[in-house]
Amino acid sequence: MGELRLMKGNEVIAEAAIRAGVDGYFGYPITPQSEVMETLMIRKPWEETGMVVLQAESEVASINMVYGGAACGKKVMTSSSSPGYSLMQEGLSYIAGAELPCVVVNVVRGGPGLGTIQPSQADYFQVTKGGGHGDYHVIALAPNSVQEMNDFVTLAFDLAFKYRTPVVILSDGAIGQMMEKVYLSDFVPRRTEEEIRKECGDWCTLGSKQHNYITSLELDSAIMEQRNLHLQKKYEDMQKEARYEEYMTEDAEYLFVAFGSASRICKKSIELAREKGIKVGLFRPITLYPFPSKQLYQLGTKMKGILSVEMNAGQMIEDVKLAVECKVPVEWAGRNGGIIPSPDEIVVALESKLIGGK
Amino acid sequence: MTEEIIIAGFGGQGVLSMGKIIAYSGIMQDLEVCWMPSYGPEMRGGTANVTVIVSDKQISSPILHQFDTAIVLNQPSMDKFEAQVKPGGILLYDPNGITKAPTRKDIKIYKIDATEIAANMGNVKIFNMIVLGAYLKVRPVVKLENVMKGLAKSIPARHHNLLPLNEDAIKTGGEHVVEVK
Amino acid sequence: MADIDIKDIIKEENIVYKKSSILLDKVMHYCPGCSHGVTHKLIAEVIEEMGIQDQTIGVSPVGCSVFAYNYLNVDFQEAAHGRAPAVATAIKRLLPDKYVFTYQGDGDLASIGAAEILHACNRGEHIVCIFVNNAIYGMTGGQMAPTTLVGMKTATTPYGRDVDRNGYPMKITELIAQLPGTCYVTRQSVETAAAVRKTKKAIRKAFENQRDKKGTSFIEVVSTCNSGWKVDPVKANKWMEDHMFKFYPLGDLKDSTRDNPADYEQYIKD
Amino acid sequence: MAKIKGAVVIDKELCKGCGLCIVACPANVLGHSGEVNGKGYDYVKMVNPDACVGCASCGTVCPDSVITVYKVKI
Amino acid sequence: MGELRLMKGNEVIAEAAIRAGVDGYFGYPITPQSEVMETLMIRKPWEETGMVVLQAESEVASINMVYGGAACGKKVMTSSSSPGYSLMQEGLSYIAGAELPCVVVNVVRGGPGLGTIQPSQADYFQVTKGGGHGDYHVIALAPNSVQEMNDFVTLAFDLAFKYRTPVVILSDGAIGQMMEKVYLSDFVPRRTEEEIRKECGDWCTLGSKQHNYITSLELDSAIMEQRNLHLQKKYEDMQKEARYEEYMTEDAEYLFVAFGSASRICKKSIELAREKGIKVGLFRPITLYPFPSKQLYQLGTKMKGILSVEMNAGQMIEDVKLAVECKVPVEWAGRNGGIIPSPDEIVVALESKLIGGK
Amino acid sequence: MADIDIKDIIKEENIVYKKSSILLDKVMHYCPGCSHGVTHKLIAEVIEEMGIQDQTIGVSPVGCSVFAYNYLNVDFQEAAHGRAPAVATAIKRLLPDKYVFTYQGDGDLASIGAAEILHACNRGEHIVCIFVNNAIYGMTGGQMAPTTLVGMKTATTPYGRDVDRNGYPMKITELIAQLPGTCYVTRQSVETAAAVRKTKKAIRKAFENQRDKKGTSFIEVVSTCNSGWKVDPVKANKWMEDHMFKFYPLGDLKDSTRDNPADYEQYIKD
Amino acid sequence: MTEEIIIAGFGGQGVLSMGKIIAYSGIMQDLEVCWMPSYGPEMRGGTANVTVIVSDKQISSPILHQFDTAIVLNQPSMDKFEAQVKPGGILLYDPNGITKAPTRKDIKIYKIDATEIAANMGNVKIFNMIVLGAYLKVRPVVKLENVMKGLAKSIPARHHNLLPLNEDAIKTGGEHVVEVK
Amino acid sequence: MAKIKGAVVIDKELCKGCGLCIVACPANVLGHSGEVNGKGYDYVKMVNPDACVGCASCGTVCPDSVITVYKVKI
């Protein structure tokens, strides 16, 4: 285990990036994630690892800087929060279309519009169904602790390069702002240009006589369709990356499905519910895309009912229903507008919507 | 053991760093900890508060609606958090600037006149350490030695010469806290 | 001296200065001493004096002044970060006889919103643009803005702005003064009573320009953000005078009408 | 010859104690009260009321528009 | 019936806007929809109705101009195609959050990224699940003919004002570019300022002493939650606007579900299939949001199988499955990359994936 | 005269001009006579002559030159509309020893991408920016660009650009010349052999500036779009000379190095 | 009756407007019509083509992969569309610039030397009207009177003086079309 | 005294017939061929080959880089 620290989730993203040998971070301030860039600026990784940290003129610029850096085979990333993430949709679609690896952290706040700066999970649809145009997906990782904010940076880059795809760390204001114990990862050196060429030589635009070029454009529909099918094939391959956590499910009759901050609340709710004799467990999707549908089907179809607990008006519930093929009752519980539900109201919802309800 | 604390006051009273020291102390004592600030637009003079949880179990929700202890350092915070102390819990406050004293009967109420003590000690910056001392006296969730370790961790090395002063303040706070009946 | 009691002075009829009726009663959320408060007040006073309350529509995007609608008693729109000039363009085009003004910070106007302000001014929209340049992102906690001076410490330039790493400070007002659509471009401040009065005159002139359809009026208010700068309000003003004014010199950059369209027709003549 | 005398009323609960009016006053009329209001600010008051000439500089620079200025000729 | 013309779908959007008394159009060129603004510029409606037509500096500017105009209670609109629509996501989220009426036409092309300019339906997710941040929806209308390009302009504005919401006309390159017969709507005069005040006086920022203001910001989570719940309530109310078309479903054993261009292909496929003795019908969602789930449930659960026919990799299929609660087999068929499927390949897909398949 | 047969002239060793080796064999998709082809060629020749093929990365966003990667045999990135300067900024910062250039049209650079070009130039990124100003949106079918002259007919100004309706033409190069981060800003053209040779020299200088880390070099190439303008290529060149050059005069606007950062440090000194 | 036509040639040959006239003529004859151009970046000299469908039933797909009739005006279009004529369908072409004559045996092939005729008539602009005439001769899907009505609708009023010339060209085209065996 | 003679080779199939080289040639060497190539363009050829001085102006302005210029001193 690495160095023990008490840090904010946002700060950990920065520290983890330096330690993961990230080559470049391009960002723009927005609450509740500005500490990511601020921490990097204080840490001055350019002196330590040579990492580039640049404050861009906007989120549109950030994501296009990420696009430029990613094309060079570099490990590049940005971070933002909901409105800023919306501005990145065109760029993300380009990155997905050009099949480039990168990492984007979205520390979600409540929307729509300017909304609130409090934590939320209302960008679930935007992140998982492709907020940008065209048929593409991003891998979405949902940390539920400061420790996972650390761990998922490395994981995200691994997946990004494995599949040449954007990976989004879908966090929220609570996890970004809170401090917890964290064991930091060890330092990994940045790759040299030679190493990058070895790893990505057939596509990276590092300067070459190979005429490597990066584009998402194809005017010939027949070829464009092949590109689309190739992408779809990749998304199918990705399904095996589905990650999840089960908690107290061995004897469960009911199931919470929840990710991120909401999943933590559910653990407490399980405690409270079990005190009342309700056998409930938790299924926590860690990858929101690919959604762990097969695994949830296995477990979920054995239940009497499933409660999708979300800090939004009910978005993941669609994926939950699809996963269990509507074979068991699935209901939603949660809060909106930046409010984190309390453990007991989740128990109440379980009782009223599922146990008493049907 | 789980202790859920809210510390609330004006920005600039050292609320956030007091919370951070408690959290760090918890780590030194091998506990799970969670520190969650209220956050918002950067506006001076507004109220600031932080939730700190120290526990020997995994911590679920970082945001709470009820607390074992509320440490309250101004009137707006009193107005907001008195009601959120769990029955049987603790409310600790500095009477300076408090115009309406707390009225609940089902909780324990303590008072620490940290503003005055700090002024008397000739250093207003140790205000929050005095409050911390008072808190630890009534809720000794972490040992002083771990607090000092936590303190050493949470303040930059170049300020370590101030550690004895802080230790002093913590002790003084413990000596001056009084229960309000 | 005390030949009149203070009670006899403090009477309705002796008022020589009071809060504008266009200012609502809500307490402003601004930090003590923030330049935004003064600037709001001046807009309110001009609207009051011109008697155009029910003909005025304000637009402010995110930044500390995001809540301007809570303070100014005119119809208002809160806009997305940087986009106030686009929002105002549409309003003014759809309501050509109304008074439309934007109120933007330096991060908002010069960074993310650079394209929108440039194009609105280049089109010569008949609007008033108020640009509060406090050389920092106030609202989000004091990060570097395009206008942050070299060497200045902010949350994202903790060791001081460095040209190689962070680029040069941008004098966007100088650029805007060159655009053919602007009629009046000036740089003012609000740290002294005299400065405040000059700025008010500038705002008044800008609104009159709008009435007279002279083009885009653009008023930079060199401002402080004592929170972001981490000094007290009085020191902030002093720092501004000593440092900001050198780089951002006060005064009019342009005072006329927008370019005559007829002058542009010659170019395609044969 | 007519003399000018002024006075100001500062809304103590709304004053944020920024001190800009103090600096702006040419007659050194204003000063911090040394007491905090309900929002925790050390609000400003007339510490030297006799000197006020009603020039309104204080009101003009007050960001929170909490100063009303009165003036009489006597 | 109105005046008969032979016109392109894109041109009709422009003509219909003028006739519907639209106050302002703000747009930016992009293939395959540039004819919308070009037609307006040729028509010079400013001389005829006083309508404002402005070429903005970008799609980001267009949507924010729409936001500004909508706040004044004016009938305003923009049009774009996929990459441009992506750039509008932040603005759309603001408009939805501030509850303003407007119309956005998305003439979809194949993505992701720059992709192709050929017709596609790959923005289904982006449009229906909220491509922007936060919990909001837009009403999405899917025309399948040039005639509907005309009709839906008026419908879109009616719905937009009824619910104070953005309405998206989700078209595609084929319908935008093709010419068909169209009966144009009659002219409706633009509303006067007085009429607007009467209709929207309590919110429109036309200049008033009422202190009307438009915002999507609310820092107090409790209030923000109320705003969210209010929005959700509105989305529930909207369900009654669900529109659809059924074709040859009386005796059908199988069902195509398809919208827009794809639905036209399906009609031909039905002809071909019925020649072979396959009893298949078509359910065409006209509103993609609200999706006509109830109606599809009614009809769909009686079928032996459903084929979701889409010009994308399979997006609407999720809503189809959810609508029929996975009670009958649902499969996808379609093409990607700007290719419109041929009627016979759809029949083949029906046979292999559903009739032969299960 | 015919004392030598043409066959004897046409021999490898007598070649005095031929296609650059950096140009790929693909037939360019450009319309006959389009200025893009010439401009591409000059970049190719400079890269060839400087021997930097394997150290050069090009970036072109959408516009007719979106397919530049099909023609120039260097590593290339196709960027989103307007965003090439942001893309290039990242590449150059991550690969400071490589040669990075952008290639943008006027719609792309001056309209949707105004913020990105302004900020890249203001930061003084060590890149080369080629700006092909043909006063129209070529690729999408000839709509008005920010640089379209007043009175010019385009698909979105069918009756001629009108200031009130469509705003003024924008001289963005003049603005860019004022940014402290630029070292070399010039306006050239490619309609005659002499003009082509001058433009090539300018491009060469720009790449050399990049090598010497002098700041951002910006080269506007006043160009034709005969398709968009609806005239033949020869007439297009003539029209450009007669009309565009008056409004967009050729020549250097700036030729030095970017501002000295040290000069900016004085402002915050006490 | 449903007639599915592709018309293909170089940009500038009047391919799109020929299609438009057929569509308009169909409307005049109370038929359903659909006109769908190939569209792409504005690049001169590239190939252009348009699909036109005229039918007495509702039209489903605007984009087709097989045609009843292909009207081909240059070699690239011949290369592409000869194979896409339905068995028994029609291929009509102008031999000018065609280097590889069509070879299919299961379709009817017609030739119209419109380039030459137009040149002879002293007006290259009526080239496409000659081709149209040839087409209508072999596939009289719309009556000439309706074509003339359609033409009147699809060209601006200020050019209506050219209608007789166009009518002439259509007739001439009909007279000169020859079947290639 | 040495005379300069030039010649150009134009790739007929790649020439787009734009005519820019014709205008650029100081010696009026070039002209449209009057025939179209496979792409439908009226390509350019030397109509007055003897006049060519190999100055390369034509090649320099050719957007499609389809002209190779040769020059000899005789």
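Every chain is named by a letter (A, B, C, D, E, F, G and H) in the order it is written, and numbering of its residues begins at 1.
Please note the rule applied: a contact is a pair of C-beta atoms (placed from the backbone, for glycine too) under 8 Å apart; a residue touches a chain by one contact, two chains touch by 3 or more.
On a predicted model such as this, the values are computed, not experimentally measured, just so you know.
Within the contact network of the assembly, the step distance from chain B to chain G comes to 3. The minimal number of chain-to-chain contact steps leading from chain E to chain F is 1. With E-G and A-F as the two chain pairs, more C-beta contacts join A-F. Averaged Cα coordinates give chain A a centre that lies 29 Å from the centre of chain E. With centres taken as mean Cα positions, chain H sits 54 Å from chain E. Averaged C-alpha coordinates put the centre of chain G at 37 Å from the centre of chain H. In chain C, the residues touching two or more other chains are 30-32, 62, 66, 78, 80, 111-112, 114-115, 119, 139-141, 146, 166.
Annotation for chain G: residues touching 2 or more other chains are 40-41, 45. With touch defined as above, residues shared between interfaces to two or more other chains in chain H number as follows: 16, 41. Per the touch definition, chain A reaches chain F in the complex via residues 23-24, 26, 52, 54, 56-58, 60-62, 64-69, 71-72, 74, 76, 90-91, 94, 98, 205-217. Chain A contributes residues 60, 82-83, 85-87, 89-90, 93-98, 108, 110-118, 120, 122-123, 125-126, 129-136, 215-229, 231-232, 312-313, 315, 318, 321-322, 325-327, 335-339 to its touches with chain E in the complex. Residue ranges on chain D touching chain B, taken from their complex, read 16, 36, 38-41.
The part of chain C that touches chain E in the complex is made up of residues 24, 53-57, 59, 62, 66-67, 69, 73-80, 83, 86-91, 93-95, 98-99, 115-116, 119. By the touch criterion stated above, chain C contacts chain D in their complex at residues 1-4, 6, 8-11, 14-20, 23, 27-28, 30-38, 41, 190-193, 196-197, 232-234, 237.
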